[in-house]
Structure formats: C-alpha cells, structure tokens
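Paired with subunit B in one complex and with subunit C in the other, subunit A is shared by the two complexes that follow.
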Partner chain A sequence: MPHNANPLSKMELSVAVLVSVGRHPLTARARRADHDARAVEMALSLGNANVQLIHAGDNGAPSEEALRSYLGMGLGEISLIKQSLGADVLPALAAWLRDAAPHLVLTGTRAETGEGSGLVPYMLAEILGWPVISGLAQVESIEGGIATVLQALPRGKRRRLRIRLPAIATVDSSAPVARQNAFGPARRGEFATRTCASAIDELQAQWSEQPARKRPKRLKIVKSASARDRFKAAAAKADSGGGQLLSDVTPEQGAEAIFTLLKGEDVLG
Partner chain B sequence: MSETIRRDPRREWIARNRLHPEHARVIAALGGNGGGAVAISEWLGPNGVVRRNPRAIGFIGPNGIKRIDRSGLQQGGQPTATTTAARDSRRTVVIDQPAFLVAVVPDMTGGRLSSHDKDLLGLARRVADADVERPGAVVAILFGEYKGEGGGELKEQALGEAGIDRVVHFDDEFYAGFAPEARLAALSAVEREMTPRCWLLPDSPLGGADLGRRLAVRLGERAATGVWQIEADNKAPMGWRCTARGGGGSLDIQRPLPRVALALAECAEPVDETRHAAEQLTLSASIPATLSRIEDLGQVAVDPAGVALAEAEFILSGGNGVKQWDAFHHAAKVLGATEGASRVAVDDGFMARDRQVGATGTWVTARVYMAVGISGAIQHLQGIQRCDKVVAINLDPGCDMVKRADLAVIGDAGNILAALVARIEQYREQQQEKRNAA
Partner chain C sequence: MLETLLPILIFTALALAVIGAVRRIRLWRQGRPSRVNLLKGLVALPRRYLVDLHHVVGRDKMISNTHVATAGGFVAAAMLMILVHGLGIANPLLGGLLLLASASMFVGSLFVARRRINPPARLSKGPWMRLPKSLMAFSLGVFLITLPTVGLLPEGLLEGSGGWLLALVLAGVVAWGLGEMFFGMTWGGPMKHAFAGALHLAFHRRAERFSTKKGGTGRSTGLKALNLEDETAPLGVEKPADFTWNQLLGFDACVQCGRCEAVCPAFAAGQPLNPKKLIQDMVVGMAGGSDAAYAGSPYPGKPVGEHAGSPHGPIVALEGKTLVDAETLWSCTTCRACVEECPMMIEHVDAIVDMRRHLTLERGKTPNKGAEVLDNLIATDNPGGFDPGSRLNWAADLNLPLMADLKQVDVLLWLGDGAFDMRNQRTLRALVKVLRAAEVDFAVLGNEERDSGDVARRLGDEATFQSLAKRNIATLAKYRFLQIVTCDPHSFHVLSNEYGDFLQEGQGGPDFNANYKVRHHSTFIAELYDAGRLTFAPWKGGSVTYHDPCYLGRYNGEYEAPRRVLKALGIEVKEMERSGFRSRCCGGGGGAPITDIPGERRIPDMRMNDVKESGAELVAVGCPQCTAMLEGVVDASAKVRDIAELVADALVECPVGNASGESRRPAATTTAEEVIV
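== the complex of A and B ==
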C-alpha cells in the first residue's frame, strides 16, 4: 500500500470513478448508469479532488453517447480502455488502477447491463489488497490517509465508518442525486483511449440469458386438516379495517391515544 | 406402560350412570386432562364397541341454545388433545452423519431470523435433502447476539424449526456492528474446518450481499447473485441449476449453481413441516486476529426532514384538512417525523412536490404513517399500502382513511396536533429529568 506512508492533504486527493454504460429501465436505451452517475456526483462534491473517470469495455455509438453524458457533468476527459465484447474487464481495470494509484475509487453498486452482479469492486479490492465498503452516502473528511464516511443503512439511517485509504467504495441510490449533464461540455469532452488485451470471460459465455420473467407471486397456503379453516382463510378479506375509532373525545384524549401508539411503536426518539 | 387395555367395569358403569354420586370424579379421571367439568363424548364400551354420548358434544351458545361445531376443534371433551396433536405434527429430523454440509449465513437483523433468512434456509434444505439416502446438514453461522423467540430452550427450537441442523455461533463483541473483515475471517475458518459443499447467503443490502461477495472473492468462486430459483440438473457439477436476476433486473441468467450463491427473498418456501436439531458446534482451531482497516464508529442521528420519503420510518402527512401549516411543520419537528402531503396540499402550494404521497407521488413504506386531514383518495391509499400502522386525524368519521387506519381520532386536526405536541414535549421533559437524575 503505497499511500499509507505519506499523509494526504486535500489538495492532492485523487479519486477514480469507474463508470459503466447503463440501460434505461423502460426504454432500454443506453444512458449513464444511475449509481455510477451518483458516484461521479460524490467525487465532484469532494472539493479539491482530482477526479478521473474510467470506463472499460466495448464502445459503439450508443455507448459513446452514454459515456459523454458523464462528461457533461463537468469533466474534461474520460479514460477509455478498449475491450472486446464479452471480455472480463477486471484485469484491465486492475492494471489501470495500479498505474494511476488513486486514493479513493468510487463506483456504482452494480451495473445495469450484463451480469450486474456487483462483484467487480470486491474483486478489484481483493486483487489490489484495498478495503472495500458498500452503500457510501457521504464523505465527511479525508485526513492523513484515513477517510471518515457515512454508510447508508435501511430506513434512511446512517453509520459512521473510518476507513484506511486507498479504498474502494460503492454508491447506491441513497447517495445524493447526480447533477444534470450539460450538452456543451459533453460534446467538448475527450476520450483518452488506451488499448489493453481483452481476456474473454469464458464462464459467462456458457450461461444462457433471457429477458427477465415475472417472478411468481407467493401463494398464501393454509395447511390445515379441517375444511372450515381452509375456507375461512380463503374467504377472509385482505384488510378488514378493525382499527380503533375514537369519536367524541377531547383533543387531549385523542392525543394521549396517539401518543400511546407512537410510544408502543418506538418511533419517538 | 403396558399396551393391554385394562378395563374397570365398575368405573365404566359409574361413568354411564349420571346419577351415581361418584360420577363426576370418575368422569374426571377418565377424561384425563380435559378438566372435571367436561363430560366425555366417546369411550370404548364393555363389548369393545365405541359408544358415543350425543349430549356431551357441543357447547351452549350465547342465547342458551346448544351449538355443535363440526370443525373438529370442539369434539367432546378432548379439545386440548387435538390442538396438541396439530402442534406436534412436525416431523423431528436428526441428521447424525451428514453426507455433506450446506452453510448458511443468515442476516439476523435485530437478533432474529428475518423472513428472508427463513426463505434462504428453505432453499438450503432443498439442496441438503435432494438425495433422501444421503442427506446433507444445514449449518447456520450466526454472528452477534441471538434473541430468538422466547427464551432458553425455545430459542434453540426456533432455529431448529427454521431447518437448521448445526449452529456455529460467533458472539464476540468484535463481530457486532459493521465488521466485515472479522466476519470474513470467521467464515474462512469455517471453510477450512468444515468445507461445506455450498454457501448460501441472503442478497440483502448491507447484510449478506456485502459479506457474501467478500466471501466469494476470498474463496475464488464466481458467485451467483440475485438467485431466485433453483432446479435439479444432472449435468451441473453441484447437481443444481439456478436462475439469477442480472442486468439491473432485466435479465434472467441460467447457470450451474456455484459454491457461493446469494439468493433473493422468496427464493424458496420456508421450512414448516420438519423440526431439526440445531446442535451447537464450536470450531477447534482459533480464528487468527485480523488487522481491521474499516472501523465502525456507530450510528449517526439523522435529520428526519432530510430522509427520503420512500424510506422514512415515521411520516406525518398533511392534507386538505390542515389549516395552520406552521403548526403542522412544528408538530413534525417535535415528533421527529418526516413530512409528507396529499396531492391537494401539494397542488395548493403548501408542500413541495417531492413530498407527495400516493400513486402519482411516492409510494411510502413507513412503519407509522400519520394522516392529518386526509380523507383518503384511492390514489393516496395505494401509496400507503405498505405502511404498518396508520393513524388518522380527521373530522369525517366515514372517510376512507378512517376505515384504513389502525387508530382514528375524529376531531379538529389543529387542536389534536397541538395537544399531541404538548403531550410529547411533556414526555421529553420527563425523559430529560430522568436522565439528569440518573
């Protein structure tokens, strides 16, 4: 780990963002991937950080459009590692990161096309020997080679983590929304293309892919010996009110009832 | 006890004779645990013929009329016997010499098996029980405190009923919170010692999804993520083929089941017909201490106003019935609730568009949803379908929101909110005093 020795100041913080080509969930058009765009947004909001964008993969015309929309967020250049279709981008990305040696690598949780397993950040972390965290919501401070960050928990809660740099962090939908991309900067931005030998992902080539089927809804199965129980379960209304109704009460009595419920549900801090 | 039925003709005679002075005592003795007051409805007669007492069946209904419930629940004097039989119908399965192991790492959110964990254990059972001759055992690796349902032996029973044969429990304090590196070291130790044939984890954010990917990478396996279905397949190395969600939910990938699989919720039916041993195991080798590069500093208090509406836990939502919006905002602040609104309130400009709850706004998942002055249009009720508890404050007792609510208070929204704010401020003061005294 080359960066542990020399303490970082904010000026020289370099952040690499791994971006991918997304897919619009309805129109299936190529677009900037939502989580990756949020990762770019987070990198741009770090202040004086030197942000580099990397994309490894096959680039046709639609994917170039999608990549340009990352440039439209206010970046001048994107590093493009050309890979053939169906290649495993892991060796190429690992080699690039080893050369560039950024302090922090940000990326989306999982890709919107292809396998989309979300394994890439973990595999990169294992190859490079860096720590990895998921669900990054906010970077609070970076001092002396240690970043203090907030991790998103379910229900909008946050957890504070201290992580040693260099590190990899993934960003999901709890991070701030990405800024819009502007047309002019997107046109002006440049691709720094670099070629790298493509390693074909042979394992994935053996799998069969098909459009997602709708998952079957789980049936409510009532296991009971008596026909009466089964009938009652089948004929029961899904949600029969059954709630408590307080009418003709003073506001104080009503408030007391609500207070008791809120306290029972443990939502009052 | 001997199998031979020993009959006491005298007692049977007393049991038949309702006027006999000892009748009640004998009936109580014959009826077993049914209680003295209950007459038995069925017994074996002196000639080996089953005799029935039609007067002993049924019960007296609320109007003094005899009612007979033919559902099988109230048969004669043995209601307890039938219910215990229903409870004990689960088969007890003990696997002493498992052919292989299937390791499961449940999330245990809040110290209990979640429904996702139970589905996953159902999947693990399918993999383990595929070959009836050579069944495998399901090993659950638990981290942190295990609360379970009930205490003592019941706790272990809950694990067994979920389909767990063996339990490896790591409850040292350095596994608590977010400690992926320590947990990964523990899982690696389990892998070295037991070498399970297959690892199954829930693909739930920040639980199994994180740990499972770390484990797969450490074991050098290409994990299957988002698995929602498995099918037997003789050509696959493990004997199973799985269907996994990929490409942002737009693809189904069919592939042989790898050694590490991360499964979605509802991937299989939870176990409910068998009961397993849930035997405690301990690792013989000690786990090497790891230098952690990720340090957990604990949870942070968040501003409820900043929480996204879709994931807020407690929402105070205002509609057309709210007249004093300043008081409403103040109430939300005091309650510590995230603010929501109905479409009318948004259209009238009292709330921002991103605060709208309902079909055209946000579909919320709050645990407690408090609707103030919202009558409950169907579009709004759709948006709050997944809320657990709904509290309604409204002037109209017949409106749809009141029907949906778990607690409805009829009255003027402004007054009730003001009273609630006063009550909560009083509660907060009491808490503060308690803290100061302590």
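== the complex of A and C ==
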C-alpha cells in the first residue's frame, strides 16, 4: 500500500463495494467471492477512504457466514438489501447507489454463483450513466474528481487510465490478493438490513440451470524438433495471428465482422 | 548492640518483603480469572516441589545438589534466624541447628559461585551474577552472628571499640543478605523465583501435569480451549493482562536458567525466538517498562532494549514495536522442548498459542501461507486445498474397507492429511500392508475424514479447529470401534488429548464420554508383534537411528514402542545425542513450515546433522511431518524411512502354528462385539 499514502487527502473518498456470496470451486461451499474480496481489499488499501459494503440478495444462513467473511477483513458493517430469491438485484442496487452517491463503486468481475454473467457493473453503469472500467489493478491517485488508475490487460500489461468520478470499476485476479478474514471482526460485524421491493427477473425464471461441463481445450500441437522449440512453444504468446483490428467502424460493420468470425470458427451454423 | 540491631533488621526486611509480596500479587491479579483450588494446591505444593520439580532439576545432578544445599539451608536458616535472632530465643539447640543450616547454605553458595565462573551462554547475567555473593553474605553473616549465641565465641569479642566496628561490619553483611533474600524476593530480585515459583507450583494452571500419590500420569499437553460461545471473552491474548493470573504468576517464577534456550530449535536455527527472553518479556509487560535490564541472550537478530510494554498495552504492535514482534511468536514449532526442560514448570507453548490466537482471530495476521492454509481448511477440510472427495485416491487399488459400510470394527485407521501427500501415501500403503498381514479388523473413514485441526489450532485459529473437531466427533460418533490407529502423531495428539473438551453426551471412545483411545501405529505394531501376529525377516540394512517425533514423545510419552518395533526388526538403534524426551524437533510442528520465519539455518538441517553424527545410514521416523522435513534436507547422509515402511519390508509369511513366540505375550484378543454390547 505504498502508493496511496496521500493522493486522497483533500476530501474523504467514499467507496462502495458490491459483494456477493461466492462458491468454492471444489466443495461448492458458500464463501466470500474471490474477486469481490479483492475489490474490498482494493477499497481498504485506499488509505482514508470511507468504505461501504453492499450486498443485495436473499440472505440464508450459509450466505450470512460468507458475507461475514467480508466483515472479517476489518469492516464494521455491511448494508444488506433484502431481495427475494431469484430477484433481479439491479434496480435495488441502482437505487441504493443513487442514494449513497459514492465516488467509486468497486466490484468483482463476475459472481461465482447465480448467473455470473459479469454484466452487473455494465448495466449499473448504464442505469446510473457512470463510466465503467474493467480489470482495475491499482488506483494511483484521485484528485479533483479524476482518478488515475492502472487497468490490467492480458499478459501482465498495464494501461494507465484517467476516469471521471463517480465511476464503477471491476476487479479481477490481477488485483492484489484479499487480506485474511479474521474470526473476531467477522463475528462482531453488523448487518444494516433494508428492504427493497424485489424486481422479479422474468427472463431468468424461464431458464433452466444445469452444472457446467468443462469446456474441451483446443489442442496445442507442438511439432518440436529441439528443446529450444519446445521452450519457445511453451513461452510463446498465444497466437493472435489472423486477427483483425477494426477501428472507426460503424456498429453494423463491427457486428458483421464478429458474425463472420463466429461463422468461420463454426460457433454459429 | 547486635541484640538490638538484629531484630530491627530482620523485622524491617520481613515487613518490606510483605509489602513487596502484596505489590507482586497485585501485578498477577491483573490477569483474567482462572479457577484453581487454592487450598488443594497449597497442600499439594510440597509434593509438586519435591517430586515433580525435583525430577526435572535432578537431570543435572550438580545443580540439583547445589540447590538442595543452598535452598534447604536458606529456608531452615531463615526460620531459625527469626526465632533465634529476631525473637531472641537463644536456645543452644536452635543455635546449633542454625549454624548447621547456614553452613550448608554457605557450601551450596560456593557451588553456585563456581557455576558463575565462565557461565554457559544460556545463563542470564546481570543481577544473577551477584546472587552467589549475596547467598554467601547471608549464610556467612548468619553463621557468624550465631557463634556467640551458642557460646563458641567469647562474649566480649563484640565489645569495645574494635568490637563495635566488627559488630557493625557483621550487621552490614547480614543486612546485605537480608536485602537480597527477603526484600529482593518480593521486589523483583533474583530470589523472586522462590516466592513466585512456590505459588506457581501451588496454583499451576495445569494441576493434572503433576503426579499424585496414586500415581497420576503427570502429563497434560493438550491446549486449553477458547470459549467461543461467550462473545465478550477475548479471543486469545492481546495484552499481558489478558493472560490468566496464574499464567502471569508462572512467568514470574522464571529463574532464567536458560535450559529452554539451550533446547529451543528455533533459537538454535537463528530464528528470532528465545523462550527465556519471551517469558522475561511477559514479566516486563506485566510490570510495565522496557526490556533493557534483561541480561541474557537476546532473540537472535533483535538487540535488547528496543522493546517496551505495559500490562494494558498490546504485546504485538499494530505498527512499530512494543513488547514482542510477531515473528518471534510465529517462530515456535510447539515442540515443547522448553516446557519439558523448564525446572519451574512454565508453560511457554500455551502462552505462545494464546498470543497467536489474538493475531489470527482478531487481526487476521497469520504470516506467509497461514491465511491460505486456514482458508483451505475452512473450504475443503484439508490444509492443501485438495478436493475432499479425493482423500482415498491413493488407495484406489487397495480396496480399503469403509466405516460407512462396516459400521463396527476393532480398529479405525485414521489417515490424516498425509493421505494427500505422495510421500506419506507410501507410509500409509505400508501400514495397510502390515495391518492386513496381522489380519486386523480395520476400516477407514475415507472421504468422511477431515483434518484433525492440529495446524489450525496451532496457527491460532481456534474457531476453525473447533469446527473441524466437532464435525469429526460427530462423524466418529456414528460408528463403533475399539481404538483409533494413526501414523500421524499430530492427529494422535489432537484426537486423544484435545477433542475431550468438545465431546458431548454419548460421544467418545469405546467407553462413551471419555477421550478416544488412540494408538500411534508404532505402538499398535509393537502390540501386534507381542501378540505374535507379525513375523519379520532379519534386518540386513545398515545402522539405524530413531528420531522421536515431538507429538509422540514429549506430547504423549511414547518413547518405547517405536524402539521395541525396531528391536523386533533386528535393528539396534544408534541413539542420537538428543533423543527421547530431549529429541530435537524436525521443524515441522506448530505450523512453522507454513509461517516460515527466516533464520540463519534450517531446523531439519540441524536434525539431519544430528543423524549424521550418530553415524547411522538410515533414520527411522514415525510422523509424516518429520518425514517431509527430514527428507527435504539436501545432501543428507542418511535415508528417511517410516517405521511402517521398515516393518512392511521385513514382513514374512507367518509360519503355521505361530512358532516364533519365545518372548511374546499371548494375544489379548477382544473383539468389538464383546466390549460394546
């Protein structure tokens, strides 16, 4: 946390972190979601920021324990917006964020349970009319309502962005690992519960769910003549040859290009 | 003149001692309550001192005899002096006894003084260096002032101007002695150990560790449970006042002999821990102040004088330095070598785990891989984060009987987390082979088994430990078995000594509501051999030594069975210099490999060096942690084999009619049905 010693000194920055109930990949036990926990870590490492946690959803016993493990990172309270099972949490979250008006909203890239589409931050940004940034790796400074941040790109690349606040940022595994969840603070932490009308997600209600299957991996055929070749093959960047960079095109042209690609890859018939 | 001066001196010193005692007791009473039967403790005190404590002190005959002469002489001389010189009962018999006592004390103090010439590094210097002189002053002074009483000196000697001077000098010497022995005893001088030590023995937090006339086991090694139900109770120890009062009293009993320091593996490895300094730091914290006055070996790499604390201030600072640095607490391997050696019966490991509990449960500051391991234990019930459904994968071809199918067996084989470790899987396979050869009726829990909670507890995560313990107990309660056998001494210790606090009605070992009857595999194999159920081919390998695992030896007192098994294999064990209760830790206990505090050397390297010095080509072990740690040593001179592997390799078909039963007892075969019905 050496980078954020003073940049936020002028006024107290308020940060809201949207947290969800995670699910362990091996045992399916409820837990704090890894990306969301990293978002909390990011918020806590902003120095003097006022951090609020928000969870919207149905709060059964296992999920209470999972939510408490966010409190175990050293927070006193979590705002809980009660929603019925299967409700669309977007309206409730949007209403809460409008009320609370935080400067920055952090959340994981995608949830570990439920739809897990990763669309919540984008749709919230659309509703609120705020900018959204994905893959936040580090907040460098916040001055005069503008945040300078580093965005994580594949292969360890970083891109410096300046974004106008309020904004929404998502955090993925390129952000620092979340701190330990301590039993004492987790047990003492409180839930500030508020109820909000649940918007039934009619679309989702029509879906049927089934456990995901592992997607088959594309075989990487290495024709190795020497150890050097094998090393190069292992260390090489994923081959992005044949790609196409489109800029300054109309949405229709873009969609056409994607459609062609999908057809070419036999994704679409 | 002395007749008037002496009573004044004696009673002033006594009065000051009483005031000091009250102040000292108030320091201890800052601690949290702890239920102790005060009267019973005081009654048991002489036995605890003369039997249990002397058992430890007696390991060093020279010092033991020195102490008997000095302390015995002092106690007798002090009592008699109060009678003879304080109250003026100038009875020649009493006077004679007083001469005898002070002479004995003087002889003892000569030996104390001899030990202070070029003292070993483990001994504290400072005020302790003046102690032999003070002892001599007291004994000599008392001896001389008593000579006239018994008429051995002409009465007139102390009269006249020369006599006056002599009397004054004598009074001065006696005053010095009284100052050290009476005043210093309760005001924090070296003699504090006698006052605090006696009360510490009487009010010890683990009364069960002392033997009784009926022959108690005298072992109490399970950690004390935290009450997690009570949300107001502190989670571990944050500040010195969070210790119980009798723990604080125990710290005050330390004589700074440094026996703990001499055996501490972390200290030897140059990690920042010295058990003696830690106890002294707790004393500093209890009284408030800085550690600058400490005159012993520091924590390696940490100069003395930079740390300070107060009874109600944090022991480990959130930022900067207070009393103790966190890495000091995390260096401990919980091997209990210090507790085993401590002549004052101080419980170092309890204190360290208490402080770790605060760091983990309240601050979430378990260092290095600690947080990851604890997360894994919560999410997957094993420290490695493996799929709990794969616990039995190593035995896919062994067709192991499951408890879930059989419900009732003689022996429940507890696998431990070694089931996920490829090295330990070889041990487990060997053990299964042995059990099958002896036709033992056994089964495993399979995927129903969870980590025993050992690592979680020693990393301070009492909540995760209790959660694992309660679920394991509930699983065990579903089945019937006579005993649990395991090749993991850590599981052994936790199951047999630490689960007892969480057993509910109808849960527990074969006789319900009691601790589980757990056997280490070496004990069980020794029993099988004695019963004539195993036959071994003669040993053809080279020389062998045996490494005692801490959790089998010091924690559970099992030193004999592994050696019996090795003997049965035809192996003559070449003992290492440090073996048995003095065995040196492999460095794998207490979560030390997880918290991984850097030092100058590695503990397992030092242990393998011990093996090398013994000249053995193979070291037999009985613990998955020890195997992993010792096998991780590069360029080792000896191979590492678990006892189960050695036994499995030596197995031969049992001859019909069980011919080879010369020294063996007949089998005591009880089946599960007989006992449980």
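What we mean here is this: the second predicted complex is superposed on the first by the 203 of 269 C-alpha atoms of A that agree within 3 Å, B and C clash if a C-alpha of one lies under 4 Å from a C-alpha of the other, contacts with A are read in each partner's own complex, and residues count from 1 in each chain.
To be clear about the criterion, contacts are C-beta pairs under 8 Å (C-beta built on N, C-alpha and C of every residue); 3 or more make two chains touch, one makes a residue touch a chain.
What you see is a predicted model, and the numbers here were worked out from it, not measured in a lab.
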Practice problem: Check whether A:Glu12 is in contact with subunit B, with subunit C, with both or with neither, and answer first, second, both or neither. | Solution: neither
Self-check item: First (subunit B), second (subunit C), both or neither touched by A:Glu143
Solution: neither
Exercise. Considering only touches as defined above, state whether A:Glu64 meets subunit B (first), subunit C (second), both or neither.
Key: neither
Quiz item: After lining up the shared chain so the two structures overlap, which partner does A:Thr27 touch, if you call subunit B first and subunit C second: first, second, both or neither?
Solution: second
Quiz item: Which of the two partners, first being subunit B and second being subunit C, lies in contact with A:Glu77: first, second, both, or neither?
Solution: neither
Quiz prompt | Touched partner set for A:Glu190, first subunit B, second subunit C, both or neither | solution = neither
Practice problem: Please determine whether it is subunit B or subunit C that touches the greater number of subunit A residues. | Solution: B
Quiz item: In the complex of these two chains, what residues of subunit C are touching subunit A?
Solution: 231, 235, 360-366, 370-371, 374-375, 378-381, 385-388, 461-463
Exercise. Give every residue of subunit B touching subunit A within the complex, in rising order.
Key: 70-73, 86, 177-178, 181, 205-206, 209-210, 213-214, 216-218, 222-226, 228, 244-255, 266, 269, 272, 293-302, 304, 306-308, 311-314, 335-338, 367-368, 370, 388-391, 393, 397, 402-412, 415-416, 418-420, 422-424, 427
Quiz item: Any idea which subunit A residues touch subunit B in the complex?
Solution: 22-23, 25, 28, 110-119, 122-123, 125-126, 131-135, 148, 150-151, 153-164, 167, 172, 174, 203, 206-213, 215, 218, 223, 225-226, 228-229, 239, 241, 243-249, 251-252, 254-259, 261-263, 265, 267-269
Quiz item: Which of the residues in subunit A end up touching subunit C in this complex?
Solution: 24, 26-27, 29, 31, 72-74, 179-185, 187-188
